[in-house]
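Below are two complexes that have chain A in common, paired first with chain B and then with chain C.
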Partner chain A sequence: MTQMPFDIFVLPFTLGMSLLFAYLLLKYAHWIWLLPTDDKLRILKGFFSQKSLRACGEIFMESLLHRKIFRVDKRLGFMHMSLAFGWFLLIVIGAIEAHTYAGGSAPFYFPIFFRFFVPYEADFFLSSVYVQLMDAALLLVLTGVGMAFAKRFKSNIVGMKKTTKLRRRDKAVLYSLWLIFPMRLLAESTTSGLHNSGGFLTGTLGTIMSYILPLQYMEYPLWWGYSIVLCIFFLGLPTSRYMHIPTEMVLIFFRNWGIKLRPDNPILEEVMILSCPRCGICIDRCQLNTNLNINDTQAVYFLQRIRRNEDYTAQANNCLMCGRCASVCPVGIDLNAIRNRRRLNFTPKEVVLPYDNKQQRQAKVVYFAGCMGHLTPHIKNAMVKILQASGDDFWFMDEEGGVCCGRPMKLAGQVDAARQLMDKNRATILQSGATVLVTSCPICYKVFKEEYNLNISILHHTEYIEQLLKSGKLKVTRQDMMAVYHDPCELGRGSGIYEQPRNVLSAVANLTESSNERRDSLCCGGSLANLTLPSAKKHELAKQTMQVLTANNPDLVATACPLCKRTLQRAGDTLVMDIAEVVAKAMECK
Partner chain B sequence: MWGYSIAKSQSIVYDQNDRTIINYVLEQEPSLRTCMACGGCTSTCSAGNLVPFNIRRLNTLLQRGEYSQVKKEIYNCMLCGKCTIVCPRGVNIRNVVLKTREAIMNSEKSDANDTNAI
Partner chain C sequence: MKHIAIIGGGPAGIESAASLAQLGYRVSLIEKSAELGGHLSQMFTLFPDGRNAAEVLSELIAHARQKNINVMLNTEVIDAQRNLSGFTITLSNQKTVTADALLIATGFRLFNVARKEEYGYGIYKNVINSLQMEKKLRTGDLTMANGQMPKRVVFLHCVGSRDEKVGNNYCSKVCCVTAVKQAIEIKKMNPEIETFCFYMDIRMFGPYYEELYREAQEKWKVVFVRGKISEAAENIDGRLQIKAEDTLIGKPLRMQCDMLVAMAGMESTADAKFAQTLNVARGLNRFYSSTDNYLRYNNTNVEGVFTAGTCTAPMNIIDTIANARAAALSIHQYFSK
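Our next item is the complex of A and B:
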């Protein structure tokens, strides 16, 4: 190339792009600078390892192809994929095409406006293939834009009942994004029409346009327009939801390098908040929306409030933390953890809790019924019966009542006091010399596993019973009843225990399916995590969940959580039992 | 001599009592107004099983605007939520405890500000 291609209309694009890149570089450098030292070391260690490769793979699968959104709905997945992957193809193929033409050296705006600078049918290696490929990629993006446009009017088109209510700034940037691709189509078609070039899309459209429109007057303004909408989009990106495009990649790298959300590390939280694309997939998953028509507390709106420095106290507290949103979040944001971090701590640090566990004993197996276990005596009695039959040397740690596991306190934001409760129980458990800790309550189970650092085997009673059945220590007879299983939030989505309860239940009853199972299971509404929802509303949720569970008229709704049992049994006529109770009953009928 | 003594006479002057804390709690958690003092919460209480913590009594003290005992006891609650589950009136007692703690924290903050101002 003899002379550098330049025209003044490239300036808006060049300016917008340069400012955006400078801003992002500074922002990311600042984040890394603020990370605690051990996290910096993790980055250093992870940078030249397989972890970075894995992150690149994940970026390709999730940020470009949007595999997780495809799993939610194929149409929605296609919409996001066509926009992201289509644009990616335009950039990559365009860059290859332009650099092949220029022989390697060209200014960075050159590929973007290639058709303007090289309007005729240039003849270089594979040039005709590039033209058609570029048109195909543009068509792919335009399909996505068309679907996104339609979604704003009727979100059902892409399988969403509700889509995010956007604020003005997001809308402005959204429109500039939508305009980029039609502008490009028109600009390229005009140039193609004038010079009799172009691929199957731009070439054809250009020829048609050349019959009816004065193309020579349109060409220049259209390229200006294309450059300006790109500039608006780039400048609006950092303050709009589109910040998610660059930030999600940072999040994926951070996650793969092993950086975790911790109390002393607010950086990852900021990265997560900026990674939220406000796609609104969480909205349809939230039972507060679908069952109670509460429409301001869903994860997308909560994160938006944090980002805009608006008061979010009510939203932080009004959440069941059932995890249904997080389980489908295409970005994998730790929504419950962020919500929990944002709850206020009203307990002064210097408060010392004056109680302790009353008793101490030695045993191989320690059984912890938990507060909720004591609220449902049938469950703890059944467990005592099972433990006695197992022949294991066991101690019912909180038989006379004891210190709470600390998770309810933690969920309510009182983190220092929660730590005190955990320390008390931890000491008691360790002093007992036990190798196995069995608990009936998934709320306790999760905190024992995640926060207690016990280094002994921690089992939910469904896991424990499954082991007993497998080893033959426990003999049961199958009952002639049809049972449906309700996955408790804390046990299923919270701890990933889906199969063990089903295995146990199918050994003692005939297990049937329900429409919302495993990851899609509904919350019973009793959740301790929601601090403000009135009890009448909770009951409303329970009734609707019970309706879904009993749709096939089972004889029994079986669950594995005392709180779920307590909540559901008051919400319908069908018998509700914990799996431990069913097993204890099946032991009698020998 | 026998471990008994005459109780101090006590009178509550509602007009003079400081109701800032209870007013805040009632505003934030109006369900507390429906409490009929049955004591179900207190009988199931996990913390009350271990130490003197009587949420029913604390409610009475709160309503009277006598906060010194409330300030001592309110942090003994483990927030396990059993009280809220058993409450026949659907009072969100757990939130009452949280809101009381919040109101105490706010009142102490504003006291500190007042002292600084003087």
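Our next item is the complex of A and C:
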């Protein structure tokens, strides 16, 4: 290239872009700087490994193609994909086109305003193909913008009942984003119309416009306009929700390198919060919204409050922690963990330990009914019967009352108190010499698995019973009853146990399906995690969940969590039992 | 002669029937079971002064033995319709009755303690409800399921009352004094038996109730512990183990006992089909509600439909009888307008 192409209108864009890049570089460096040493080492180790490649693949699939959103709704997926992937294509193809033309180096604004600097039909390698490809990519983005625009008026168009409520600042940046592409279309079409060039979109539109509009007066202001909206968008990005675009990539890399959310370091949490695109998919998943019309506590609003330094006490507490939002979050933000971390800040830290359980025994299998197991004696009695029939050498660890597993305290944000309880239980379990720990309560189960560091097999009773049935240690007779299974949040979404309860239930009853199963299972409403929802409201949730479960008139609603059982059995007329009770009953009928 | 149909033959129904007949009305007293008396027929003694419940009931019934009262036993009201001339009531014996006014006196339903699974009612044989204890006192047989005499009996207050989790926020009023009375009766029969009451608050609302509570502690050595029982379980030797928190000293406690008596609360019977057909209004506590809590307590939102007794709120026998007479007078005022 003989002479560097320049025009003064590129300055707003150049300024905005440079400032944004500088800001992001500083931000990234700051994050990495603040990470604890072991996490820094993880980055060092992971950087030149397959993990980085995997992260790139994930960025392509999720940040550009938006595979997870496609799974939620195809229209919504297409909207997000067309915006992200379309823009990506515009940048990549545009860069190749401009650099091919320039035959080497060119200023970084050159590809963006290529059509202005090269308005005529240039002749270089594949030039005509690039023109058409660029128009195709622009059309793709414009389709997305059109859908996003329509979604603001009627979210049903893209399969959403409710979309995120926006504030003034969000809207300003949103509109500048929407304007970028129509501005580009108009600017390029004007130039094409004046010089008889352009592809199927800009060329055609330019020709039509040239008949009715004084294009020569419009061209320059439009390119100025294009540069200015880009500048506004870039400058507004760090404080708007569009910060998610550069941050989500960081999150994906961090996650692939093995950096985890932990209480003592806030960096990953900050990255997660900034990665939230406020797509609002969590809103329709939240039963507080769909059933109780509570519309300020969903993950998207909660994260927004944290980001804006607004009081989030009520929102942190008003959550069932059922995990329905996290299971569909396209960014994979650990929403429950963030909510839980934020509860730490305002819960009292002093706690009195309950009475000491001094009992100790040796056994191969240790059974822990848990507090909830004791509050539902039908379940623990059924388990004792099953354990006796199994022939296993077992010890009912908390038969005379025991120490809580610690998870309710953890959920309430009292981490230190929870730790004390856990240490006590851990010592008792290890001293028993057991190789298997069986528990009836998914709440206990999750904490035993994730926090206790026990090098023994930890089983929920549905897993244990499944093993007994498989090995023939337990004999049952199938009951002539139609049963529907309710996936408890903590066991299903929380611990990934979906099949074992179904296998056991199929052996003792005729299992039927429900419209909300597995990952989509509804919360029973009895959640221990919500400290503010009044009982009457919880009961309302329970009734609605029960209605969904009993839609096909089953004889029995079976579940695998004492808390779900207690909650659901008060919410309808259909018999509610724990799977252990059904099995114990099926053992009698020989 | 105006005809009043009274639904429910418990103390409220019986006494309002007697009063209405005296005021010159013809009355049909419709009772679903085989005899009159309702829950009162299952009671042993009444508080505060230990009056024999059977005596009170037989006097009530004697009062209602009047020529203008037609008692229909083993008869259930299937449905009721309001029309221009009054009410048409469909009965379980295929018959219909027409009436000029309707008095609902369907009483209460005892809270099903099995709904609080943690207390083990229906699982452990020696967990009983307060009405079952009343029967034990009436028959004079305090023995446990295995035929032996209990050494320690524990009463648990507020089962199904003042309990948000079962949706009953209200106080059932009579359970506190019933527990005190039953504990005293046990002591009278067998002073060897230890008795404990676990409560949240002691609500001694009636005259001489407070004195009875004091007597229970001073004379009969009934022990009162402030704190609700969280769970009950059966030991290997068949005794019950209960867990609670003594909230006065702020310490959790465990205790062995032989019998656990759950002081079951009162629940509404206002979900009856006929009431739904007639659209009789209910309050948040699901009991029938009045058009005016002060001046027209026995009037419902439906013209010609009145209520009496515990179908409107938990009440003791004294208040129920007074309320039944008030209902009769309200009906009389309605027709004298």
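Note that the second predicted complex is superposed on the first by the 578 of 590 C-alpha atoms of A that agree within 3 Å, B and C clash if a C-alpha of one lies under 4 Å from a C-alpha of the other, contacts with A are read in each partner's own complex, and residues count from 1 in each chain.
Methods note: a contact is a pair of C-beta atoms (placed from the backbone, for glycine too) under 8 Å apart; a residue touches a chain by one contact, two chains touch by 3 or more.
Owing to the predicted nature of the structure, the values given are computational and were not obtained by experimental measurement.
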item: Partner chain in contact with A:R324 - chain B first, chain C second, else both or neither; value: neither
item: Partner chain(s) touched by A:R255 [first = chain B, second = chain C, both, neither]; value: neither
item: Touched partner set for A:T532, first chain B, second chain C, both or neither; value: first
item: Partner chain in contact with A:A412 - chain B first, chain C second, else both or neither; value: first
item: Chain B versus chain C as contact partner of A:R342, first or second or both or neither; value: neither
item: First, second, both or neither for A:G401, with chain B first and chain C second; value: both
item: First, second, both or neither for A:R502, with chain B first and chain C second; value: neither
item: Larger contact residue set on chain A - chain B or chain C; value: B
item: Partner chain in contact with A:L375 - chain B first, chain C second, else both or neither; value: both
item: Chain B versus chain C as contact partner of A:K424, first or second or both or neither; value: neither
item: Overlap of the chain B and chain C footprints on chain A, listed as residue numbers; value: 354-355, 374-375, 400-401, 534-536, 566
item: Footprint of chain A on chain B - complex, ascending; value: 29, 31, 44, 46-47, 49-51, 75-76, 78-82, 84-87, 90-92, 94-95, 98, 101-102, 104-105
item: Chain B-facing residues of chain A, complex; value: 344, 346-348, 351, 353-356, 358, 371-372, 374-375, 400-404, 406, 408-409, 412, 414, 417, 421, 526, 528, 531-532, 534-536, 563, 566-567
item: Chain A-facing residues of chain C, complex; value: 115, 117-118, 120, 123-124, 164-167, 230-233, 241, 243, 250, 252, 254
item: Sites on chain A touched by chain C in the complex; value: 352, 354-355, 374-378, 381, 400-401, 534-536, 539, 566, 569-570
